Amino acid sequence: MCPNDTHPASGAADAVDSAKPGPPPAAALIEDLVVANHILFDQGVVDAFGHISVRHDKRPDRFLLARNMAPGRVASEDIIEFSLDGDPVNAAGRRVYLERFIHGEIYRKRSDVMAVVHSHSHSVVPLTVVKGVRLRAIFHMAGFVGQGAPVFEIREAGGDATDLLISSNHLGRALADHFVDHDIVLMRGHGSTVVGGSIRQAVYRAVYAELNARYQLQAMQLGGEVTFLSEGESRACVQNVEGQVQRPWDLWVEQARARRNG
Amino acid sequence: MCPNDTHPASGAADAVDSAKPGPPPAAALIEDLVVANHILFDQGVVDAFGHISVRHDKRPDRFLLARNMAPGRVASEDIIEFSLDGDPVNAAGRRVYLERFIHGEIYRKRSDVMAVVHSHSHSVVPLTVVKGVRLRAIFHMAGFVGQGAPVFEIREAGGDATDLLISSNHLGRALADHFVDHDIVLMRGHGSTVVGGSIRQAVYRAVYAELNARYQLQAMQLGGEVTFLSEGESRACVQNVEGQVQRPWDLWVEQARARRNG
Amino acid sequence: MCPNDTHPASGAADAVDSAKPGPPPAAALIEDLVVANHILFDQGVVDAFGHISVRHDKRPDRFLLARNMAPGRVASEDIIEFSLDGDPVNAAGRRVYLERFIHGEIYRKRSDVMAVVHSHSHSVVPLTVVKGVRLRAIFHMAGFVGQGAPVFEIREAGGDATDLLISSNHLGRALADHFVDHDIVLMRGHGSTVVGGSIRQAVYRAVYAELNARYQLQAMQLGGEVTFLSEGESRACVQNVEGQVQRPWDLWVEQARARRNG
Amino acid sequence: MCPNDTHPASGAADAVDSAKPGPPPAAALIEDLVVANHILFDQGVVDAFGHISVRHDKRPDRFLLARNMAPGRVASEDIIEFSLDGDPVNAAGRRVYLERFIHGEIYRKRSDVMAVVHSHSHSVVPLTVVKGVRLRAIFHMAGFVGQGAPVFEIREAGGDATDLLISSNHLGRALADHFVDHDIVLMRGHGSTVVGGSIRQAVYRAVYAELNARYQLQAMQLGGEVTFLSEGESRACVQNVEGQVQRPWDLWVEQARARRNG
């Protein structure tokens, strides 16, 4: 009952730096990662929890992720470099996210993935817990959801008394295995993780996965048969609609700046 | 998987100017179109996507529409003139919306239409994908919805592997055909398009179509029979309630200005 | 199809002053009525439409109501005095609400009523159109809803081709008849009207009627039997909970001032 | 029908001070309690109603609670000290909450409880009134909800004509009895009460109880079987996830300050 700041399953969140940092990442990459944190908060994808990482632009075996804090408050000095094992290399004692293993193991599994968003966005959570129901692409903005997102059931890899957190490389690998044929994976009783070829694409997908979930929840309540995107439509939407990812990004950056500069 | 800034089905969104611009439209028309963009964003009808056009006041074979950008950020210098074929005449290299064909083909089909709004507003999308369900006028503010809005199924005109976008004159015409007896048409897995006799009326209808959809979704979940407006009631509401379109417009303009002047 | 600023069923909304104004109402009453307009907008009960009136404190056969405008923008100079027939006495050519007859006829019917709110709040509208479903008190803040609010069906008094507006004394009386045993009446395909012994009580009830509707919509979707308040509970809640009406009023006034003073 | 500022069942809310105050509580405790009031309002857990108390840090037989006012407006000078009987000791004539008995009786029953939140948050209320439905932990942030929160039915202790308020020590004890094996109790037709080992934990739980309810309402509408947390998962989540309670607290404090300082 008594809250506890350390996490038994994953070792302490105050992890010790395991190696030397790589060459400094491009300043623009850090800047994008910081504003991506703010956007995910502003757009309601994350609250105090959830995180976004990017693969290091000079060392593909490293990734960048904020220290343990609310995304809406992240600044450039809060970004830490990690190995794919989830070990920080320049934390200097700062606390890190319990679930950093999500990121490292996906980057290891999928060399094309450049950014990862983990969140508990509001309409996605209900779709993780209903037997026989899968998130599926319902409108053209979310073709990347495809013909049915897999649901990661942590009981299979971790037993039925876990805290549902991806707090070890073992659990990270079990989750990453679901990304072989998919760009979004739901996590039962928890949330979802979505990947992209860039920060902007991953942010775009996190926002529109939530909207797809919201529309699907509403459509399914009407009782009639729901027409989802066909496989061909999903693919075409990814090709063409996601070519416009800069448009929402520009808007969201402007909103993020306006909110923070008052 | 790799995002792509050009659009194969419609030719590049960087369309080449096809003709000379007409005489300059009235400054008040441009001003209304700009604030209409802001209102649609403020009122939640559009996010970074969706658009509103107006027929050129001096050349009925031309229409005005913003360049490819989020509506909430549009300024007067972003407005471009188009032919009814959807070709820009003064884009000067600026990127244009992939779906400009929606606007041109409707103006061609319906000479009484002076403004067109295309959006993916939140409660409308679910009503585009459920078999046997049609958006129908449920309250007096939305008489224009009438006795059941048609749902445009792009598979009929474009096959089952499109990106769902109205990215050609062919698809634009197929959509416009649904407007013969209707002022709003839903688009499966996509959103809706609504028309009006003025910018103010089209904005009004876009806002209240979303509310009608929201109320209909909720009413249908209760299981009992729903009483929709009769045909006579729908007509009377259009005649009388829409006579008050200036009231919300004044409020929305005030809100749009307050938000932008901070 | 062409919008029309006058209203055929009720005569012009530019009504001619019919009599001399009474003695000036207390300044505090006007001030309360103005801030009540702002509160109803801030709290989401009204948008550009809907209105609140108060009975004249020195002439019980008169009431005070804003001119035809969005409630969120009302200032003290916009308040007009009306006879119970709905005729303005000091409009001086300003346009008035089409539905002023709601207010006059209720004040005539119920001498204990001092304030009336008419609105189309979001969760109430769906509950006006489903056969066999009635708004009923579901929690202690809304005891005034009682054992089932009546639904006014305008077709009974006005036929099946009206614009649903209460645009005449005849329709106003038909609506007012439903208030004999009730303090809130739903209006099919339109919204609701709620009364109170003071501006503060009527505003309180308008806000909590919307919440009661929202909770009832959600509870009814779960399929199980819903426990509503008993008749004794409803009465006790009105007696005791509504004794605290000053608490939300103080909060709402503070919010209304903060929003308007930036 | 006439509102009444005193409460017959509980004696006047203008309670007379019954004893001498204890030694002054730590300034930081008062400060936390004040900001907790603001956070609960900002995060949508309370509106003008609802309250949070903390056990006195120097006298475990006393607790601290604001005077009768909206939580969002509470300042340090509004905090009053109470005995566990719910009698104020330094109200000096200020009006107190009718339902202060909730707090005293829970502190008496559960010596480990240091903070109590009572609210009517939006998604919880519907779950208090449907037969056969219980709030249950659906995601990892809300393990404290456990395997089914009890619903307090006031009719058992107070008959079927109460105002549903916990306005006496008798009713407070009947409610407190439900907390023996639970940290959250729903109250039929009313709301809920949640306890914690600190202000921060109680606030965290009040926020995430609302989200759990929201997700559960949505999941149950899909018709399929819902997978809730197992008993072991619930326990592990309380142990580990609630160890991170400082993260949302820091965010919420920042938001509360920003909103109040403009």
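Lettered A, B, C and D in written order, each chain numbered from 1.
The rule is simple: a contact is a pair of C-beta atoms (placed from the backbone, for glycine too) under 8 Å apart; a residue touches a chain by one contact, two chains touch by 3 or more.
Note that the structure is predicted; figures quoted are calculated from it, not measured.
J.: Averaged over CA atoms, how far is the centre of chain B from the centre of chain C? Could you give it in whole Å?
T.: 33
J.: As a quick test, compute the distance in whole Å between the mean CA positions of chain B and chain D.
T.: 47
J.: List, in ascending order, every residue of chain B touching at least 2 other chains.
T.: 221
J.: Could you draw the chains as nodes, link the ones that touch, and say if you get a line, ring, star, complete or other?
T.: Per interface graph, the chains form a ring.
J.: All pairs of touching chains?
T.: The complete list of chain pairs in contact reads A-B, A-D, B-C, C-D.
J.: Contact residues on chain D for chain A in the complex?
T.: 112, 138-141, 143, 197, 201, 211, 214-216, 218-219, 221-230, 232-233, 235-245, 247-248, 250-252, 254
J.: Note which residues of chain B are touching chain A in the complex, please.
T.: Chain B residues touching chain A: 1-9, 47-49, 68-70, 72-73, 98, 120, 122-123, 125-133, 160-165, 167, 188-191, 217, 220-221.
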